[in-house]
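Note that the chains take the letters A, B, C, D, E and F in the order they are written out, and that residue 1 is the start of every chain.
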Amino acid sequence: MATVKLLTDADASPEAREVFDDIRRTRNTDYVNNSWRAMANHPAMLKRNWEKAKAVMAPGELDALTKELIYIAVSIMNDCEYCIHTHTHFARGKGMTEAQYGEMLVVIGLATEGNRMMTAMQVPVDERFKV
Amino acid sequence: MATVKLLTDADASPEAREVFDDIRRTRNTDYVNNSWRAMANHPAMLKRNWEKAKAVMAPGELDALTKELIYIAVSIMNDCEYCIHTHTHFARGKGMTEAQYGEMLVVIGLATEGNRMMTAMQVPVDERFKV
Amino acid sequence: MATVKLLTDADASPEAREVFDDIRRTRNTDYVNNSWRAMANHPAMLKRNWEKAKAVMAPGELDALTKELIYIAVSIMNDCEYCIHTHTHFARGKGMTEAQYGEMLVVIGLATEGNRMMTAMQVPVDERFKV
Amino acid sequence: MATVKLLTDADASPEAREVFDDIRRTRNTDYVNNSWRAMANHPAMLKRNWEKAKAVMAPGELDALTKELIYIAVSIMNDCEYCIHTHTHFARGKGMTEAQYGEMLVVIGLATEGNRMMTAMQVPVDERFKV
Amino acid sequence: MATVKLLTDADASPEAREVFDDIRRTRNTDYVNNSWRAMANHPAMLKRNWEKAKAVMAPGELDALTKELIYIAVSIMNDCEYCIHTHTHFARGKGMTEAQYGEMLVVIGLATEGNRMMTAMQVPVDERFKV
Amino acid sequence: MATVKLLTDADASPEAREVFDDIRRTRNTDYVNNSWRAMANHPAMLKRNWEKAKAVMAPGELDALTKELIYIAVSIMNDCEYCIHTHTHFARGKGMTEAQYGEMLVVIGLATEGNRMMTAMQVPVDERFKV
C-alpha cells in the first residue's frame, strides 16, 4: 500500500502525462511503472527525476550494464525493495548473466563485511592512499 | 587511532606473517596496508578475509575495475572512510578515469535519491518486475 | 507477522493496561495501535517509550507538524515501514498538505544525494563552518 | 583529505566558474564552500546539484528553516560529517535557536529508537494507517 | 518473491546438494531453509557462507546465545526481515527468554539513540578512550 | 569540533551539574566524559539519557558485558566514532578479552554479509520461522 495514489493517465496532471508519454517513447513500451505513477503526485519531482534518470543511466564513460550494477548495489545497501526488484529486472534486460549477478553479490558481501571491520577497529587511512 | 594495535611484522604471529608475505607476493609490493595489520590481531579473521578478497576481487565474469566500482559504491553507502580512500586509490590504479569516477558518483546519487523516494511513498513492486 | 504477540487488553499486564488507558485518554480515541501492543510484552519499555513520546512530540519550541516531518524523515532513512505509514498518517492528521509532503520528500532527496557525494569524495569541512 | 582536488577559481573550467559566480550572487557572499569546489571536478554534476539545491531549499510550502531541519535530520542519519557541520551552521544563520536545535535532536532520538523497535519486532502496519 | 529461484534438492547442482546435506547433518534436521536454497544459485557463495557460518556461530570465546544476540542486533540495524525472523527464532531455540529479548531490545534502543546524538553534535572522542 | 560547546562544570546549569555529580558517584570517578558535556546544552535531554543509560546498562537478565557487546555492535552499524571508541574501552574495563573482541567482530562480519545477501535476493521468510 503506497502512502499516495498511483496515478493513472486519467488521474495525472497534463505535466505528469507528458512525462508518462516520454517514458513510453524513450523505453519503447506501453508500460509506465509504479515509481513514476507515485511521483506523479508531485509533477515537478516526477519531471526532474525522469529527466535525470534518462540522462544518467544512458551509456557514457561507463556502459549501461555497469551503471545498473552500481544502481543495484546502492539499492541493496539502502534496502529498497522496489528498487532491488526493478533494477535487477532491468539489469537482466541489459544482458546481466546469472554468473555476473552472483559475482556482484559476492563483491557486495566482501565489501560490506570489510567496511564494518575497518569501522569497528577505526583503522586509520594509510598516508599513501590519500590523494 | 585504531581500537587495536596495527601489528608490524615483528609483532605479528607466524600465521599472520604468512598472510603478510602472501599479500606482498600477490600484489608485487613491499607494502602491507593498515587493514591487514589491524586484522592481524585476530589471525584467523585475517587469513579468511585475505583469502576471500584475493579470490573475489580477481577478474572473472566481471572485470577487475567493475568490481572495484561496486566495492567503492558499497563503501560509500556504509560510510567507511578507510575503504573509500583505499578502494578509490585501487580503482585509479586499475585504470578508472576521472570521467568514469564522476559518472559512477552520479549514478550513486541518482540511485540513493530514487531509493529513498520509493521507500518514503512505500511504492509496491509492479507484478511484472517480480521473477 | 511480528516476532511477539500483539497483546490485547485482556492479555496485557496491569502495568501495560494502564499505559493503554493513558494512550486512549491522551489521544482521545478508543484505538491503541500495534506499536504499543507489541511493546506491551516488555511493560517497562512500553511505559518509558510512551511517556517519552508524549513529552517529546507535544508542541514546544517546534510545532507539532514540524516534529512529525522530522519523525518521518528519520523513519524513511531507517526504512521503517511501520513508522513511515503511521507517521505519514499522523502528519496528515496534523494538517500536512500534499504539497508540503511533496516538498519534504524533495528536500530528503536533495539531502541524501548531497550527503553521499560529500562522503564519496571525503570533502573536508570548511574551517568557517566549525563552531 | 578529499579524493579529488578542491578546485580554485583558477583551476575550474569556465562552466564550473559560472556556477561559482551564481553561488556568490545568490548567497550574497564571496565564499564558495568546499562541497562545490569538489563537485567542480565534474562540472555537469556541479551545475545540476547547484540548480537543484537553489530551487529546493528556497521557501515554498515549507519555510526555509523547516527545510534546513529536515536536511540536518537526513545528514545525521547518513552520518555525513561535512553536511552536519554545514547545515547546522546554515540553520543557525536562518534563525534556529539552541532550544529548537535541542528539540529537533530529541525528536530524532525518539524516532530512531522507535524505528528500530518496530523493525526488531516486525510489527505489522495497522489497517487504518494505510491510505 | 525472491530475485532468484529457491532451488529444491532436485534443481540444485551436486556441489550445492552436498552443502544441503551437511546442513541437515550439522543441524540434525530434515529442513534446509530458504537462505541456502537462494544461495544455491551460486554454489561457491553457498559453500563459503555455510562453512563460515558453521565455524563462526559455534560456541567459542563467546557462547552460542551471545553470538545470536549480536547477529540479531546487526540484522535489526540492517533492517533484514529474513534475518530478523530467522535469528530471533534461532535465539529462542538456544534458550533466549522473553525477558532477555526485551532487555536486548532496550539496549539496542539506547545505543541507537545515543549514537545519533553523538553524531548529530559531532562530539570528539575523549583522549582517554583512545587506545 | 562539536556543533555545541562541551560544558564544563562552571558553564553547566544547576540541573546539568546534578547529573554530572550523579555520573561521578555512580561510576566512582572524577571524570565526566564528552558525551554528557555535549548533552548538557539540553539539560532535559541529558537527564533523560543518563537516567536511562544507568538503568538499561546495569546487569539484569543479560550481564553487563553482553550489554556492552550489543552496544558496540549497534555503534559499528551506525558508524558512530565516539561510541565505538568509548564502548570498546568500557567493554575492556568490564572484562572483554581480545579473543572475545575478535569473535564478536567475526560474528558482526558474518551477519552483515548474510543480511545483505538475503536483502539482495529478497528471500522470503520460511513459514516455520514466523511466530
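To be clear about the criterion, contacts are C-beta pairs under 8 Å (C-beta built on N, C-alpha and C of every residue); 3 or more make two chains touch, one makes a residue touch a chain.
Computed from a predicted model, the values in this text were never measured in an experiment.
Common neighbours of chain D and chain F, by the contact definition above: A, B, C, E. More inter-chain C-beta contacts link the pair D-E than the other of B-D and D-E. One finds 21 Å separating the Cα centroids of chain E and chain F. In chain D, the residues touching two or more other chains are 1-4, 45, 52, 77-81, 84-85, 102, 105-106, 108-110, 112-113, 116-117, 119-122, 125, 130. If each chain is drawn as a node and touching chains are joined, the picture has every node linked to every other. The touching residues of chain B, when paired with chain F in their complex, are 1, 3-4, 41-42, 44-45, 78-80. Remark: chain F residues 1-4, 6, 31, 33-35, 38-39, 45, 49, 52-53, 56-57, 60-62, 66-67, 69-71, 73-75, 77-83, 85-86, 89, 97, 99-100, 102-104, 106-108, 110-126, 128-130 touch chain E in the complex.
Within the complex, the chain B residues that touch chain D are 79, 84-85, 88, 98, 101-102, 105-106, 109. Of all residues in chain D, those touching chain E in their complex are 72, 76-77, 79, 81, 84-85, 105, 108-110, 112-113, 116-117, 119-122. For chain F in complex with chain C, the touching residues are 1-5, 48, 52, 125, 130-131.
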